[in-house]
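Working notes for the structure below.
Chain naming follows the written order as A, B, C, D, E, F, G and H, and within any one chain the residues start at number 1.
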Amino acid sequence: MTKIWQVYLSGEIHSDWREQIETMTKQKKLPVCFTSPVTNHENSDNCGVAILGAEDKPFWFDHKGGKLNAIRTKTLMRNADIVVVRFGEKYKQWNAAFDAGYASALGKPLVILHSPQLRHALKEVDAAALAVAENPEQIVYILDYVINGNLPSA
Amino acid sequence: MTKIWQVYLSGEIHSDWREQIETMTKQKKLPVCFTSPVTNHENSDNCGVAILGAEDKPFWFDHKGGKLNAIRTKTLMRNADIVVVRFGEKYKQWNAAFDAGYASALGKPLVILHSPQLRHALKEVDAAALAVAENPEQIVYILDYVINGNLPSA
Amino acid sequence: MTKIWQVYLSGEIHSDWREQIETMTKQKKLPVCFTSPVTNHENSDNCGVAILGAEDKPFWFDHKGGKLNAIRTKTLMRNADIVVVRFGEKYKQWNAAFDAGYASALGKPLVILHSPQLRHALKEVDAAALAVAENPEQIVYILDYVINGNLPSA
Amino acid sequence: MTKIWQVYLSGEIHSDWREQIETMTKQKKLPVCFTSPVTNHENSDNCGVAILGAEDKPFWFDHKGGKLNAIRTKTLMRNADIVVVRFGEKYKQWNAAFDAGYASALGKPLVILHSPQLRHALKEVDAAALAVAENPEQIVYILDYVINGNLPSA
Amino acid sequence: MTKIWQVYLSGEIHSDWREQIETMTKQKKLPVCFTSPVTNHENSDNCGVAILGAEDKPFWFDHKGGKLNAIRTKTLMRNADIVVVRFGEKYKQWNAAFDAGYASALGKPLVILHSPQLRHALKEVDAAALAVAENPEQIVYILDYVINGNLPSA
Amino acid sequence: MTKIWQVYLSGEIHSDWREQIETMTKQKKLPVCFTSPVTNHENSDNCGVAILGAEDKPFWFDHKGGKLNAIRTKTLMRNADIVVVRFGEKYKQWNAAFDAGYASALGKPLVILHSPQLRHALKEVDAAALAVAENPEQIVYILDYVINGNLPSA
Amino acid sequence: MTKIWQVYLSGEIHSDWREQIETMTKQKKLPVCFTSPVTNHENSDNCGVAILGAEDKPFWFDHKGGKLNAIRTKTLMRNADIVVVRFGEKYKQWNAAFDAGYASALGKPLVILHSPQLRHALKEVDAAALAVAENPEQIVYILDYVINGNLPSA
Amino acid sequence: MTKIWQVYLSGEIHSDWREQIETMTKQKKLPVCFTSPVTNHENSDNCGVAILGAEDKPFWFDHKGGKLNAIRTKTLMRNADIVVVRFGEKYKQWNAAFDAGYASALGKPLVILHSPQLRHALKEVDAAALAVAENPEQIVYILDYVINGNLPSA
């Protein structure tokens, strides 16, 4: 009975890093089940009022949505074996950093993915991680090593 | 024997919001002990190499520092009754959002302090909070209410 | 391997809100396993003495029953990913509020379902929830969003 | 060094049961520190908007207040050795039942105080308690016994 | 997907109470998986030295065995949904009471099974239980009620 | 600031082993605060009905008392650094074994005190302990060693 | 539905003790799933730089690798029912002792495997274990006993 | 009210590194309370039999001692804010690595102290640490920075 590793992919939703990881993982036939926040940006923003009724104030519009998203993200992070958090170049991405802190306090192995330019701004987040990667390929190499002990061939 | 409330003040270190809160808290004679990360920016950046030896690569320079800071912040957050996190207008402040997530997973009551402009970017963080304030004065009012049941006089 | 979401439906047992939710969930083919307290009111009241022997005093009659019910409810809430608590118009429903507090302290995402008239009386309970819904349909929309990222079509 | 027992008194705020308990406890010189929610009903209702700004909708008016109250109650219940919850004849008192569930999941010894008429409605709450009392005097007797091993003289 | 309830049967190993429960549970087709300590008394006593080598002193003979048994019992109790502990008329059965305390501190629903004669000696153990039964049949009734909401027909 | 070690003395209440330990501990001026269950046997048996009202059935008479005792014992064991459990020659002493299991599951260092004759019956309990002593003097030696590193002079 | 026991085999990677255990376990058809750290020594040493990029300083070379290994070992130990740690004659094997401490604090049943010569050096580690074995065969006997109650035939 | 930081100093007992740290800490007037295992090597080896009676077999001689030492070390590590573990050049020091793993699983900030030569053998232990120092002076600098934000003057 092979263990299926649960890997939560948090953070940036405006590039295809998740698809890249999932494609390479499939090619390598790694026993991994990926989960993530809702990555449809519009739905993620509007979910609160779309389901629970309109709001005049933008704060409550956002609040209802932020909480619905938390039902999903809290549950999936608690279920995860490994939490990967991706920071992109744009936007504040505070929810990504929040997820990293949340996962860290739960004792989940944390992997951070970002370009070298973000190094200084992410130093406290990186300090809590067991690996800091620069590209999606490295995430798949990490999974292949962690699960099977394989290293990328030179 | 009065309970001394432990309040951790996380986040922005480039304005005097902590001093404002501490001054008003003293004026009101509230039984609060404030703690915070190291707020001397230069020391906070350099501590790793200053204590544990030089590094050529900026990543490890930052890594050593980020980890030393975590010794303090993890300990003080675990000791805290309440965690207040302030987001300013500038910088990425990912460590602030990380602290918010960390405190949330520990079950600590969380209070977020930021100007209304940051509302949308902070929606997931605010969604995890028990209060979202806009200025330091409100933090002191919250403490006075939470500790003594007092409300600000009109 | 699709995750089956475990959703505990606590509270009111005198209307068909559970059936409504279950029917709509099936129609949408959501991967959800619902659990609940024993909803046969008479059995739920009499179980203690029916199984463990008669009691003269009503207090012990109720006590034996309340504890047997707790074997089920504690176990199922601990197993749940999400806890939904429904408050109806009638009765005290203190066990529903007790369940909400219990789930909250376990860190379970909490969804509260009640009509707007009960707003003020439920403010502390609602304050602990990640969503407050008014009808069973919204619960299903929440599940569809949380699991699949779908929003109700306009 | 005598242990000071931390006892949280949750529930009804419209009778003087807390004062009765505190007065008798002082007379017996028991080493107990009592804490409670904010018992000023008006402040407790208005605190959210009084501190964090007005709201048009009653739901958010209540929501802001309910959350501020949670900062206090969560902290004090986590600090408590014993949690006592009083149910009166009037009102829904769902926050009292919520507190009982919350304390129970934290593993706190729970004592419930109510008149015999409320027996059936409170059976699940009573089932989670280590004592069910009918009057404040019994609470003080419980404390005197638990702390000193004394029983009330006949 | 029906939940299989994990029920640990601790205590007395010199009567057939486990077999009675298992037979009746099968007749009722309840989805229950029973586990228990090693009930072969001789093996349970001798396991330590039989596997890990002889001992001169009876204390270490017993110590090695007691610890091997703990590998099994700790694991199965942590896996259990419900822990049932049976006390017979004979022997000290301190390991049964130890298991009850262990399960209680883990927050497991606890059911105690003993004849009325043992009432006074077991009062602290019974006080921690959610049900106190007198015969194996009642245990099966409890399971049928807890799992399916069924009561024994009159 | 010297740490005061909290030591809970559970078990036998019909001999003066606690007094012996306390006297020797004072003579050695060890920084220890001892706690224990209520050791007045009569009060411990009668407390439930004396405080909470009479019962016809012996089961409920005992049940009320067992639960009041649990308020004290649960709290003091959770506060303890070390839990010592004494088994005497007489009586079933199931509450002592229950306490040992409870403390063990909480991760408390456990010390068991009994005469060699009880060895076999206590093997599972002893297997969970960090020390098994035969007389009160050894308990004090253990405390002196654990706190100060001192060994008894030959 | 037979429980598959999860057994983590930590420690020495330069002898075939794992293979011996796995072979004998298969012969006995025990329902056990073994996991382990990456046992390819070279990969285990080089993984950090092979995946995440070269390092000049040996400390960071090792640091990157040590952390990647921790993603695997932390996850598998948390998933394990039983943790077996093998100490060989050679090398420092501090990671083995680290794993033993880690597993112990998580409350996992711990089995230590080493030759008698290492007795004194391992006394604190052995003191935390539920069994101390000298050869792989004994580990399989332990599993057969713990799972099935069988003892090795004389 | 200044927080007194609890710092546990684990590991090597054959050099004066603890005294060096304590002396420098006093000179800097840092609010730190240091604790440690029993550092009298002879007492630490003999404590078991000296207190609990002689043993013929060296294994049980050591076992009794190892367990008594665990009463102290488990308690003090659970009480600690920070755990420092020192590895010297000589001996296996498996108890030091065990303590590091134990502290890590408890979520304690971990600081490792060793000379550069031990780098490779300690890579998994160092990977779990928030700082790796080479001399006692650096430990004091870490404490001064973590507590006061001070850096060593150039």
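The rule we apply is simple: a residue touches a chain if its C-beta (ideal position, glycine included) is under 8 Å from a C-beta of that chain, and two chains touch if they have at least 3 such contacts.
Just so we're clear, the structure is a prediction, and the values are computed from it rather than from any experiment.
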Furthest chain, CA centroid comparison against chain F: A
Chain copies touching (chain E, chain F) - same or different residues, decided at half shared: same
Chain C onto chain E, rotation angle from CA fit, given as a multiple of 5 degrees: 90
Most widely separated chain from chain B, with each centre as the mean of CA atoms: E
Distance between the centres, which are taken as Cα means, of chain D and chain A, whole angstrom: 41
Whole-Å gap between the CA centroids of chain B and chain H: 30
Rounded Å distance, chain G centre to chain H centre (Cα mean): 24
Where chain F touches two or more other chains, by residue: 67, 70, 107, 127, 130, 132
Chain B contact footprint on chain D (complex, rising order): 4, 33, 35, 38-40, 43-44, 46-47, 50-53, 64, 67-68, 70-72, 74-75, 78-79
Of all residues in chain D, those that touch chain F in their complex: 1, 3, 5, 81-82, 107, 109, 111, 130-134, 138, 141-142, 145-147, 149-152
Footprint of chain F on chain E - complex, ascending: 58-59, 62-63, 65-67, 69-70, 73, 87, 91-106, 116, 118-128, 132
